[in-house]
Amino acid sequence: MVNGIERPLDLLNQSKGKEVLVQLKGEKQFVGTLMAFDMHINTVLDNAKEMHDGEVKKNIGLTFLRGDTIIFISPASTSSHKK
Amino acid sequence: MVNGIERPLDLLNQSKGKEVLVQLKGEKQFVGTLMAFDMHINTVLDNAKEMHDGEVKKNIGLTFLRGDTIIFISPASTSSHKK
Amino acid sequence: MVNGIERPLDLLNQSKGKEVLVQLKGEKQFVGTLMAFDMHINTVLDNAKEMHDGEVKKNIGLTFLRGDTIIFISPASTSSHKK
Amino acid sequence: MVNGIERPLDLLNQSKGKEVLVQLKGEKQFVGTLMAFDMHINTVLDNAKEMHDGEVKKNIGLTFLRGDTIIFISPASTSSHKK
Amino acid sequence: MVNGIERPLDLLNQSKGKEVLVQLKGEKQFVGTLMAFDMHINTVLDNAKEMHDGEVKKNIGLTFLRGDTIIFISPASTSSHKK
Amino acid sequence: MVNGIERPLDLLNQSKGKEVLVQLKGEKQFVGTLMAFDMHINTVLDNAKEMHDGEVKKNIGLTFLRGDTIIFISPASTSSHKK
Amino acid sequence: MVNGIERPLDLLNQSKGKEVLVQLKGEKQFVGTLMAFDMHINTVLDNAKEMHDGEVKKNIGLTFLRGDTIIFISPASTSSHKK
């Protein structure tokens, strides 16, 4: 189920084009399609939605997230609260 | 719809001359035309407006934003709350 | 019981494939299988669970954790509250 | 109206000798004449005034501002609340 | 009583294999045997115990502590509250 | 009145041996004679006094201030609240 | 009275073997004999005492202080509250 993850960024590479959940510092949370990232974990999401308690709070569309505000990035398909 | 975004900064490059929404740490939010940015995500906006709950709070005009206070930058045309 | 730990990252290397407890700044806590890490302590966990007061709060599945939000990482097998 | 701004620091270069508004983290705000800046956005203002709700709170005179406390720098002439 | 400490890390070197008190930002405190450290002050403790007001709150066992959350590290044998 | 300030550190160089006001993060404020500084804005003050609301709170004497806690440094002679 | 201080670290060099007051972020304060420091201002104190409102709160003994939590370091002999 988890193959080819030698380094942490491998997971982000495998998640390109897929829906991810991005948790920011200060309780902000986004769901969107991971388009790109770099070594600073700067990230571009498409169809980004700001979430609040599992509800869509705002549609942001395409967005650039600065890496240093990110706590974690998780492929949405693997989290049980999506099933 | 999303083409040519290989790296996160590609989105910022595509957004030059267009209106963007910039979310800062500490709840400050700006809308303005993206004039320039660098690898630290230092950013220049023209016709910048400080927003509060979707309302214009202050016209700032041309402004230089230091990158390390930025959480996200989103092209205004892609967010549904602009429609 | 503790062998071959010359440098701090040696412990993380020995913990690959095993369950670890990851404490983040701001009281967030995860338990999961350590898949990968790098020198920034960016970390990938599989079967990650967000914990709250020792209870599972949410199943996150596979997740990428940015290193700079991590306080400590502890192999679950060595902590007495797991026995 | 906005010419020759290729990089963010170009705006600061164009603003030398002119009045700028400098917003710091923690709600401090200064108005003064921009004398100098460097790549860390360390900045020297002349005739600096600490502002509070648009009122002059204190005359600081010449002052050196460390870059990492700065949120934004805006040429005063472009902001509508100066008109 | 204090010999051979030319540089700060010399104290940590002398403390290897001994019990230390580690104070983290945000009031967390650990006691444990110092196994390893690096130039970022990333640290491994064995038999780590999370302390609260001088009482053991939790046995953590082996643990990796990220350096940037550490305030101070003190060999337990030198602090008078251990006598 | 302001000559020879090409770069921000030029102001600090001109202020050596003179009284400066140093504002730290977290509302601490010092007045003292600027003895030395480096590129990190680490600073040595002589006859330093910790100030609170314009009153001397404590005489600190010679002191080393770490640069990253400094917000601004201002030659005391230029601020109107000293006249 | 103040000689040979060209650079900020010169004051720390002159203070080796002497009692210093170390102010940390978050109101913690230590008094102790300065044994060693490095360019990150990582510091070793001997006979360190944690102070609270000028009273000894705890004897810490030998201790390693991480530089990035330090606000200022002052030779105790120069501060008037020691006389």
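For clarity, chains are labelled A, B, C, D, E, F and G in written order, and residue numbers in each chain start from 1.
As a convention for this text, a residue touches a chain if its C-beta (ideal position, glycine included) is under 8 Å from a C-beta of that chain, and two chains touch if they have at least 3 such contacts.
No experiment lies behind these values; they were computed from the predicted model shown.
Chemist: Going chain by chain, each one touching the next, work out the least steps from chain D to chain E.
Modeler: Between chain D and chain E, the shortest chain-hopping route counts 3.
Chemist: Which integer distance in Å separates the CA centroid of chain E from that of chain G?
Modeler: 20
Chemist: What's the distance between the Cα centroids of chain E and chain F, rounded to whole Å?
Modeler: It comes to 35 Å between the two C-alpha centres.
Chemist: How many angstrom lie between the centres of chain A and chain G, each centre taken as the mean Cα position?
Modeler: Whole-Å distance between the two chain centres: 44.
Chemist: For chain D, which residues are shared contacts with two or more other chains?
Modeler: 68
Chemist: By the touch definition, the chains form a closed loop. What is the full order round it when you set off from chain C toward chain E?
Modeler: Ring order, starting at chain C and heading to chain E first: C, E, G, F, D, B, A.
Chemist: Residue numbers of chain G touching chain E in their complex, please.
Modeler: By the definition above, chain G touches chain E via 24, 26, 28, 35-38, 42-44, 46, 48, 58-66, 68-69.
Chemist: For the complex, which residues does chain E have touching chain G?
Modeler: 1-2, 5-12, 21, 25, 41, 67-68, 70-75, 77-81
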